[in-house]
Structures are given as C-alpha cells and as structure tokens.
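Structures are listed in the sections that come next.
Below, subunit A partners subunit B and then partners subunit C, in two separate complexes.
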Partner chain A sequence: MKFKTFAAFVGPSVFMMLLFIAAPLISVFIQSFQITQPVMQQIEVETCTPGFLTQTCTTEVKTVPIIDEVTGKTQTTTAWVGFQSYQNVLQMDKFWEAIGSGQWRDILQIDFWKALRFTLMFTLVTLPLVIGVGLMIALAVNNAAKSLRGPVIFVSLLPFIITPVIGSLSIYWLFVGDGILTATLERWTGQDIAMFAQAWTIELLMYFYRVWHVAPFAFVIFYAGLQTVNMDTLESAIIDGASRFERLRYVIVPHLMPLIIFIALIHLMDCYRVFDEIIGFRSQAHVISLQWLTFDFLTPDDAGNRAISRAAASAMLTMVGIVVLLILPLRRTWRDHKGGAH
Partner chain B sequence: MSKATAQPLSLKIASGTFLAFWCLIAAFPIVWIAVMSVKSPRDAFAASAWDVITGPATRAAGNGLSLLDIVIGLVVLYFAIRWAFTRLPGLVQQYSPSGFIVLGWLVGAAVYGLIFVLIFFGVLPYVSGALNSIAGPLGTPILGLTTEHYVAVWGENQFYRNFMNSMIVTAGVVTVSLTVGTLAGYGLARSGSDLAFWLLIVALVFRALPHSVLVAGYLPWFINSAEILRPILGDLSPTLYGQPWAIIAVLVAINQPFTIWMLRSFFQNIPAELDEAARVDGCSHFQAFRRVIMPVMWPGVITTGLFSFLLGYNDFLVTALLLDAQNQTMVPAIAGYFNRETTTTDQVEAVAAAVSITAPLFLLVMVFQRQIVSGLTAGAVKG
Partner chain C sequence: MYLKKLALAGAVSLLGTSAFAACSYENTVPLKSLTAGFEAWKAVTDAMAECGNFQAELDQEFRTKQPAAFEANPSLYHIGGVSNGTITPLLNAGTIRPLDDLVAKYGANLQPNQLIKVDGKTMAIAMMVNTQHLMYRSDILADLGIDTPTSWDEVFAAADVIAKAGVVDYPIGATMKSGWNLAQEFVNMYPGFGGTFFNADNTTAVNSEAGMNALATMQKTLAYTDPEVLVSDSTYVQQQFQQGKIAMANLWASRAGAMNDESESSVVGKVAMAGAPVAVEGGAPATTLWWDGIVIAANITDEEADAAFRLAMEGLDEDMVTANNEAAIWLINGYVPGDLAKGAIETATASPSAPPYPSTTQMGLLHTALGNELPAFLTGERDAAATLQAIEEAYTTSAKEAGVL
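Here is the complex of A and B:
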C-alpha cells in the first residue's frame, strides 16, 4: 500500500487522536507548570451606618477581583510557577518529615500518597485473583455439560457488561447499613457490622467488586484458549503418568501463557485507572485512587473554582506511573517486532 | 472421551458446585437490586431475605401479584420472547430495504419494545385485574410488587431526559468511531510498514492513559472555547463545555486506540487475496474497500460497535465533568441521587434508576452474547 493511500485511510483516526489525546497531554503538561488566578486589587471601602448626630463611618481595605468591563468576567493572570503545583500535590516536606521522624503512617495522611498506595495495592492484589478465578471458571465450564455452557456464559457476562458505577452500587446496597448481607452477617456473628465505616472493609469490598467485574473477561478468554489445547500433548502427558494437577501445571497453563500475559497487561492498564468504585461505594472519606484525586481537583468546589493546575500536576504524576508500568511490556513487544522482521 | 481422561465423581461434583456458586455470585447483586426496586422501601431494606422477596408491606399497601397474575404474565412473556426469536427476524428481513438491514433491525427492535411495553404494562394489568376479581382465592395477592419507584424516577425526576442524552451520546460515539475506526483498521491491517507498527504502539500507550488526565487537558479549553474561537468563527463560536457533540468527539477519540486495534485484528482475518484480486481487476484501494471488504466486514464491525456502545454508555468520568446538569447522561445523573438520598424512598428510587440503566445492557447481552464473546477472544488470540 502506498503511503498516500495509507495516510488517507488512517488520517481521520490519527487526526482525532492527535487533537483529543496528544494535544490535551501537551496542554496538561504546560498547565502543570502554570497557575491561573483572578487578578486581585485592593480597594478602600467606606461603610457608613446611621448613628445619633453623625453617621458612623469606617473605611477598610478589601481585596476583590477585578471585573473586566467588556466581558463582565473576572480578569485572570497566568504565571509560571515551576514545580509549585507538583509540590502542592506531593507535599514532599511533609513526606520527608514523616520519614525523618519515623512515623511512616503519616505519609498516608497525604492525599497523593494515600491514593498511590491504594492504586498500586489494588492493582497487585486483584491481578492474581482475576487470573485465578477466571481460570477456575473456564476449567469448570469446560467440564460442564454442553447444554449448560450457553446459559453459564450468559450469566457470567452480566457482571462484566454492567456499568461499573452501577455494579459497585449494586454491591454497595447489599452491604449498606441495613442491606441484606450485612443483616445476615449480623445475625450469624451476633455483632454490629458497619462495612462502610472503616477503610479496610471498604477496600475488601472493592477488591471483591473488581474480581467479580473482571473475572468473566478472563474466563471468556481462557475458555477460548482451552478449546485449542493440543490433545496429543495432553494424551502423551497421561501416558507419561502425569496426574491431573501436573497436566494442568505443565501442559495447560503453558499453553495459556500468552493469554495470561494479555489479560495481565489489560488488567494492569484498567486497574491503574480505578475510579468508578470510589464513586459507587462513596468511599472518598476513606479510600481514594489517583484518578479520583484528579477528578476531585477538577470538580468545582463550593466557590465554583476548579484547581486546574493541581489537577494537571496530579494528572502528569499519574501518567508517569502508567509509563513506568508499561515500559517492560512495551520493550517486549518491540523486541518481538524486531525479531519478527528478521 | 477415553477412559484415561474420564473424571472421578468427586472432581465432577466439585467443579459443578464451584460453577453453581460462581453463577450465584455473578447474578445475585444484579437480581437483588431488580427485586428491591419493585418493593416498598420498608420491604426493600428488610432484614430477612424472605421479606424482601415476598414484600409483605408492599402487599399490605395493596400492590401485589396474585398467582393468576404471575401465570398470565409468564405465559405472555414466553410467547413474546418466542415470537421475537421466530417471527421477528423474518419480518425485519421482509420490510427493511436492502442494504439497510441494520437500520431495519433498529426500527424493528424499537417497535417491538414499544408494543411489548404497551401490552405488558398497559393492557395486561386491566385484564388480570378483571380476572382477579372473579377468581377467588387464586386472585388474592401473594407477592408484593409495585412500580411506583419507576414511575417516580421516569416521571417526576424526568429520567427520560437523561435517557435521551445517553442515547444521543452513545449513538454518536458508535457511528463516528466505527466510521473512522474501520478505515484506520483496514489501513493498518493491510500495511506492514514500520509506521503502522508505531501507530499501533502509540495507540496502545494512549489506551492506557487514565481518562482524568485527558479531561484535565480539555476542561480549561472547553470552558473558554467561545473566547478562544472568536477570532476564527466570530460570534458563532460555541462553548464546548456541556455540548453533547463535544462529548461525542472526546469519547470517540478516547475509544479510537481500542477500536483500531480490534478492527485491525478482524481485518487481518479477512484474506488479503480478496482485495488483491479486486485490485488486479482495476479497482483502486478505496473501491476495493467499498466493494469487496465492506460486504464481509460486518461481523467485526458489529462486535467493535458493541464495545464502543459500552464505552459511551458506561462512562461516568468524562460525562460528569464535561456535561452540565441539563445535558446529563444517565450514569452521572444517578450520582445526583446520592446527595439527596436521605430517606429510604430516595434510596429505592436510586435502585430503580440503577435497574433502568442496567436493563438495556441485559438485553444487549441476550441478543449479542456470541458477538461479545468473539470480540473478547479476537483481541486476545491475535495479541
């Protein structure tokens, strides 16, 4: 295919990605070093209250934003502030203070480090669970009678296809103060249980939700992979006296290895973006993630201001994280590509 | 299956039990919110599961189904579903003009849904009400059921506006991203150049980007776009913030990396000899694409379209930040319930809204299960 034709085919897509993905990235990068504030001026205001004989007048100096006469909006200035926004997000002084005094736990009081801790832990805890549960379901379905497989796949797809916010809400409602599962647990244990009052129970529910949501995806892929297992290899393994577990360990899992890597890669990308659970479980007081942190900076506060530069700084930091996570898989792909070309 | 691979009974039982357990876990939260949404608040948050299912308080308030209602309902449901699978495809084939079969299906499904809702919720209650009064013990309510929360959500809270916005955004995302993505996917599949490889790698990195990073980039521009664009467009320059079509463009772009990867793997499955033959016969690349590839590409396109649909429909982050309250889609709108979720009635209304959002997805899985599965595996097997 000639370059011109190729460009014509790919052009619209590349244009959209440049305009709406690459350009915003550059914009975020620049914003994270800038800060935009309303221009303030100090004016003397004389306020008089009626009094006996004479009015009582006081003058005071007030700081008010300058209003542009043409547009009627507040004037703003944009200044380069270097790494100040990053400093505001990272709060390194508090970080080093906490390390210096040996109070490691204080680090997790800072929003960014709290979010980073949760995001990484969330990714690492759910990854093996998703792969394990997905593989188990795939093996069990492969074992089941043919007529059962269709309905089972249908039911399994439901958690995967459901809107993430709604999915986490549906689990939230089961465990909320007077939800059915909390009531049942309380009856069994005889104690009061409040699942959403402390961080660790919320985190457990989030792990559960994510595994529930993603395991079907792993299952479907593993199930497709199981259909292509080489029967001859399996039979020779039986003749060699391999037990059921050894066959799984030495024949089936190696066969599924590329799929496991694929799922791990996708899961890594998606888990790093963990966000909807925070909304669904309303856990912002206890557990937050990196993406939620940026979302929170971007949401207008009570005065209607958005912390754009801090959002940009936290977005850039989030991006650094995903690049670090992706370097290894990408290098592998590059080597494969080079290897394939020769 | 040979004797050596035959499984001992204990293993069979274990695997069967595990599967049943998984199905229970997979379906339970979704089924449960559906049950909760049709009960009065006291029943919905009752401590005993049996009370939630049978709904004594709902029944006491005069809302309930009798045995007769249930039987009639199930019979109508059975025939409705059967008809949808046996007769509907034929009618759609017959009445849709050739080449517009997809459009025909959309219209057919919409009409079918409308008629179903009319019969099931419009006609059936009167019929069964009349029958109940003469049926005696069979006609007394045994199962509490009320639709008041749905009426409140869709009527008073005007959820249909959010529904319309969701539909506009989703339809836009699916159409545009498929049009753009199909061309790109085909180009990438048929070009073995290094440039194509690099494009795919960059797309992979873009796919990994958290969406909040991108939104942080859009927001200042979108809010001030009227002033920024004024020198170019004059007074027509729009404020992009809050515009559904701006959201469509954003979601299409976010979705592009995934779409081109997936469509590329589908196009690689179409033998290159097919379009080469067309080229030998004197077609240009575009003609070959239009005349030879387009007729055979629909399975892949439909599958990719499903995933685009899911992205547009399920999105919370982008729509919550870039749309204002009037143009809100369904998923962010439900967050509005959190703020006023003070009484149990509000909670159950939120549950009803959540079920309303899930219902179309449920239908989607029912109709397109095969395509979803093939889409999931296509990406994986090709890498």
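Here is the complex of A and C:
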C-alpha cells in the first residue's frame, strides 16, 4: 500500500487515539504527582438554621476557601508532591508493618490491597472458566444438527447482548433478601438465605455472572475457529485411533491456540476493570475493585470535595496492573508472530 | 410530513408547559431548576410550573451536578434545591447570591425561620425540615404491651420482645447501606452520646469514648436487622415497612407519607411516628436536623434572578402547602401538622435538642471517611478501636489533600 493511502486510512484513528486516549492519559499522569487545593481561610460566621418554630443561630469559626475578587472563582494552589498520592493509595507503611508483624490479613484492611486481591482473583478465576465454557458451547453447537444450530446460537448469544450494569442489577434483584430466586430457594430448603450478607457468596455470584455474561463472546470466536479446522488432519487422527478427547487435545486446541490467547487478552483487560458488578450488587461493604476505588475517589461528597490526585494515582496503578498482566500473553503472541515470519 | 408532525408535537408540548393554571401571574422569563427528586420537591416544582416558562429537573444525584452547573457562567440553572449538607459547595464557591433585597420585594409571606442566614445575609429559603426519627408499628407494640421506646435501650428491649413473638421477619430496619447512608447512622448516633466531630484545629475528634459507644450501639442493632442490612438504603427500609417485614426503624421523616400510600403499603394506618430515641438518658435525640430549601444562582442576570425568586415564592406558597400537606414537614405558612409529623416535631423541639447537620467542608470529608471505613467494623473484620483509628487516618489524609489541615 502506498504510504499516502495508508496514512489517509490510519490518520483519523490515530488522531482520535491521541485526543481521547493519549492526551487524557498524560493529563492523569501529571495530576497523580500534583495536588490542587483551594486556599483556605478561617473566618467567624454566624449561621442561622430553622428549628421547627424558632431559628437557632450559632456563631462558629469556619474554614472556607478564599474567593478571588477578580475572577469570582475560588483561589487554588497546585503543588508537586512527588509520590505522595501513590503513597496515600498504597499505604506502604501499613503494608510493611502488617508483613513485619506477620498479620497478613491486616493487609486486606487497606482499601487498595483489598481491591487488588479481589480484582486479581476475579480476573484469574473467571479466565479459565470463560475459555472452558465458551469452548464447550462452541463444540456442542458445532456437533449439533444443522437445523438446531441457528436457534442454539441465538440463545447462547443472549447473555452477551445484555448491558452489563442491567445484567448485574437483574442478578441482584433475583438474589436479594426477598428476590424471586431467594424466596423460592427459601421455601424449598426451609432455610433463611441471605446471599448479600457475606463476602464469599457475593463473590461467587460475581464469578457466576461474569462467566455467564462473557462466555458467549468466547463461544462466537471459537465457533468461527472450529470452521477452519483442517478436516484431513482430523480424519487421519481418527484413522490413527485417536479418541474424541485426544483429537480435542492434540488437533483442535492447538489449532485454536491463537484464538485462546486473543480471548485471554481481551478478557484480562476487561476483567481487571471490573466495576459494574460492584455497583449493581451494592457490594461496597464486602467486596471492592480497583476501578471502583478510582470511582470512589472521584465522587464528590456533599461538601463538593473530591480526591482527584488519589483518583489519578489509583488510575495509573490500575493501568500498570493491566500492563503487567498482559505481558505474558503478549510475549507469546509476539513470539508466534516472529515465528510465523520465517 | 414526518418533520411537520415532529414540529407540531414539539409545539404542543411547549404549549403544555406554558399553561398557567393556578398561578397568580404569567412568567415570561425562561427558568430552570435542579433539585432532589422526592415528593416535596415534586409538589413545589409542579406549583412553579403552573406559572409557565419553567423547566424542572428532579434528580436524586443532584449533589454531584449542582456545584459544576452553578459555577458555569451563565449558570445552567437559575433555581437550586439544597439541604444543609449540599449547600456547602455552593456557599464555598460563591455561586449563589444573597437574597435579602428579593426577600424584601417578594417574600412578604415568608416566616422568619425560613431565612437561612450566613454572616447576616440570607443565602437560602428553607421550605421544610427533615430528620431521622422512630417509626414503629403501633399495632404490634400495642399487641405486645410495649410502650413507645424513647431510648435505644428501650428500642432493643422492645426488639427482643418482638423477635420472641415472631410477628415480623426482623424487629428493626436500618438505613445502613455502605457509604453515605451508613455514615449518616454514625453521624446520628455519635452526637447522641455527646460527641463532637471536630477539634478547634480541624482534626477530627471521633476517635473517642462517644465514638466507641456509637459503634457499640450500631453493632447491637445488627442482631435485630436483616442480615443484608449493609445494602439497605432509605427506599429499601421504606419497602420493608410497607410489606410488613419490620416493626421499627429510625427513618427519614420525608418517608412517613409512603407508609399510608394505599397503592404500595400493606400497613396503612399502622405505622406511627415518635421522636428519635435518645442514646443516653437525658441526652439529645440521637439524630441530626436537616432542612431543604431553595437557592438562586449568582451567575445569572438580575432580571432572571428577580423572576426566579418570584417564581420560587409562587411555588412555596400557602396553596401548594394546603394541597400537599402530608408530603413534608413544611415550614411554610398554612401547614397543619398531622399525625405523620408528630415524630419529627417531637424530635425538633426536644430539649436538649438534636444538632443540625453541620454544613462544612470538613463534615463532607469525614462523612466519606466514615462511609468507607465503617463497613469493615460491621462485617467483623476489624474491632471498634481500630475502626475509629482508620476513620481518623482516612479523614486526615483527605483533609490534608483538601487543604483544611
């Protein structure tokens, strides 16, 4: 392809990436090393609030930001603080203290490490399940009678087209204290069931929901891959006396390997950003994720404060985490790529 | 053809908004408001809409939008609905205007206690008070021969009896959803034990004996509530009441009306209101007092502000209150307190009285710290002393970042 044509096709995409990904990333990176705060002053203020019949007035010293006379906005100062925001998020001093005293569980009292524990476990537990379940559906559909395939594909794709946040809300409504499923199970077993009262049941539901939701994606990719399996190889394997499992193990899976890596890559990226489940399940008391932590820092409180610097630091840490996770599968793809060029 | 239809539909819907039925004048300046979405706000904004040219946005997430929307120039909204918690960022940024001259012009019907004064200037007009107080199933308590509890010890004693009788699923309901709601429970309980939130140098004082007592009481509640209480917010508790699943709760006065809503509630007429229980004998009720009211943006022209305030006064008039008497504990002339208001009035007039929720920057930070650190205590992962320590540390970190320490 001529370079000019290439540039014309790629140009818009590169421009968008620079504008919407690179620029915000640089800005967040810079903000994670800065703290911007309003200039505060202490003034004595008399505030009157209504009682039911009379008014109560109190005079107190309040700390309020100074408003600039010229611009009418609050005066702010911005200072470079180095890694302080990262330290505030990571709380390494407490981390080492917990390790030093042998109280490992204390590490999970720190929000970041608590979130990291769940995020990693969530990612790594659902990954093999999604690939396994997706492959199983694909094999089942591939072996189903032709007339059945259409409907089966349609039904197995349904979970994937549900908006994630709606899906997690549905699961929450089904399993909450008086949800349909809980009520049925309670009647059936005669026991009081509370799925959202302890961390482990919530986590189980989250794993279940994510696998249910993402497996169809793996299925579609694998199903497409299965159509390209070399029939000659399969037939010769049968002649050689390979069992069904051996054919799967030595012919089909190696053929699908690039697709498995591809799905693993996408799934790792998606899962590390787990967020919808936390909001949908209202699980903040028991289980939090890294992405939720960033969101929590960014949410303003009633007084309008938001921890932008810590949110930036937490976002950068999340990105570092994704990069670390992706190194292994990416290296493999790179090796395959180089190998293929020979 | 299609476009024509669309234009026609647009014109008709515009006509709809400019109908001025029960309004005493016709509003000619286009105005917008951003308020919370509960019943009282709906009543007030509907009354304002009668004057025409008015667009109301009712949104429970208003608190995240309002500061930025009012900081724009010109402001995106003319009228804002606030409470003593959410007025803080607007006051701090100076994006709402003093209303004294407008009060003099249009506010003849206002009660003196409706004027929210900061530093001598009227910055907001309060329309109602709100507080968390005791709601209970009067039929159950009467059946079991229990007097209306006035302290938390009595609440727990009553809960024991109710649990033994087994008439409801859970004796107590609580708004303990992790985050804002759970923090508010602590904010209610802590002053009840005589605690103060801050020292003179803006450091927090929650790591104290009152803090330990407040935590102990909250933990005691857990024995009587739904095991999933850490996901239950006000709406959830309201529904538990309506479905007859709980017998007592310290719930918002603004939720009282829903108990007698025949389309939703199976306990119409059976839920009674009493003052918030005290934490210690002879102390103040363990709750905080809130008000809701309106503010006018600073970044709009004086003509717009004039029209906006006039319109707001029309929304906050006696006719509106008479038509929506049960929707809130109104501060406006013409309000006749009914049975549902009994608890809130008892709470507000108690002596010593419950403190108003402090509208300060520090309180916002502390509220967040409480909301994030309390769950670990209630799930049993951390003991009370370590939790208070963690709250103090979380507050200190964010207070330093926000520049108040």
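What to note about this one:
Please note the rule applied: the second predicted complex is superposed on the first by the 293 of 342 C-alpha atoms of A that agree within 3 Å, B and C clash if a C-alpha of one lies under 4 Å from a C-alpha of the other, contacts with A are read in each partner's own complex, and residues count from 1 in each chain.
Note that contacts are C-beta pairs under 8 Å (C-beta built on N, C-alpha and C of every residue); 3 or more make two chains touch, one makes a residue touch a chain.
Here the structure is a predicted model, which is why all the values come from computation and not from measurement.
By the document's definition of touching, of the two partners only subunit C reaches A:P65; subunit B does not. In the overlay built on the shared chain, the residue A:F196 is in contact with subunit C alone; subunit B does not reach it. Within the superposed three-chain arrangement, the count of touched residues of subunit A is higher for B, of the candidates subunit B and subunit C. By the document's definition of touching, of the two partners only subunit C reaches A:M40; subunit B does not.
Of the two partner chains, neither subunit B nor subunit C is touched by A:V214.
By the touch criterion defined above, A:R282 reaches both subunit B and subunit C.
In the superposed model, A:N88 lies in contact with subunit C only, and not with subunit B.
Of the two partner chains, subunit B and subunit C are each touched by A:T299.
Counting contacts as defined above, subunit A residues 178, 282, 299 meet subunit B in one complex and subunit C in the other.
Those residues of subunit B whose C-beta lies close enough to touch subunit A in the complex are 2, 4-5, 7, 11-12, 15-16, 18-19, 22-23, 25-30, 32-33, 36, 45, 47-49, 52, 179-181, 183-184, 186-188, 190-191, 193, 195-197, 199, 201-221, 227, 249-250, 252-254, 256-257, 260, 285-286, 289, 310, 313-314, 316-317, 320-321, 331, 334-335, 338, 347, 350-351, 354, 357-358, 361-362, 364-366, 369, 372-373, 376-377, 379-381, 383. Considering their complex, residues 63-64, 67, 71, 84-86, 88-89, 91-94, 112-120, 126, 129, 177-179, 182, 200, 202, 226-228, 230-231, 243, 245, 289, 291, 298, 329, 331, 344-345, 348-349, 353, 356, 359-365, 367-368, 372, 375-376, 378-379, 381-382, 386, 390, 397-398, 401-404 of subunit C touch subunit A.
Interface residues of subunit A, counted against subunit C in their complex, comprise 35, 37-40, 45-57, 61-65, 67, 72-74, 77, 88, 108-109, 111, 176-178, 192, 194-199, 282-286, 296, 299-305, 307, 309-310. Remark: subunit A residues 1, 3, 5-6, 8-10, 12-14, 16-17, 19-21, 23-28, 31, 36, 71, 136-137, 139-141, 143-144, 148, 150, 152-159, 161-167, 169-171, 173-174, 178-180, 183-184, 187, 212, 216-217, 220-221, 224-225, 234-235, 238, 244, 258-259, 262-263, 269, 272-273, 275-276, 279, 282, 290-292, 294-295, 297-299, 306, 308, 311-312, 315-316, 318-319, 322-323, 325-326, 330, 333-334, 337 touch subunit B in the complex.
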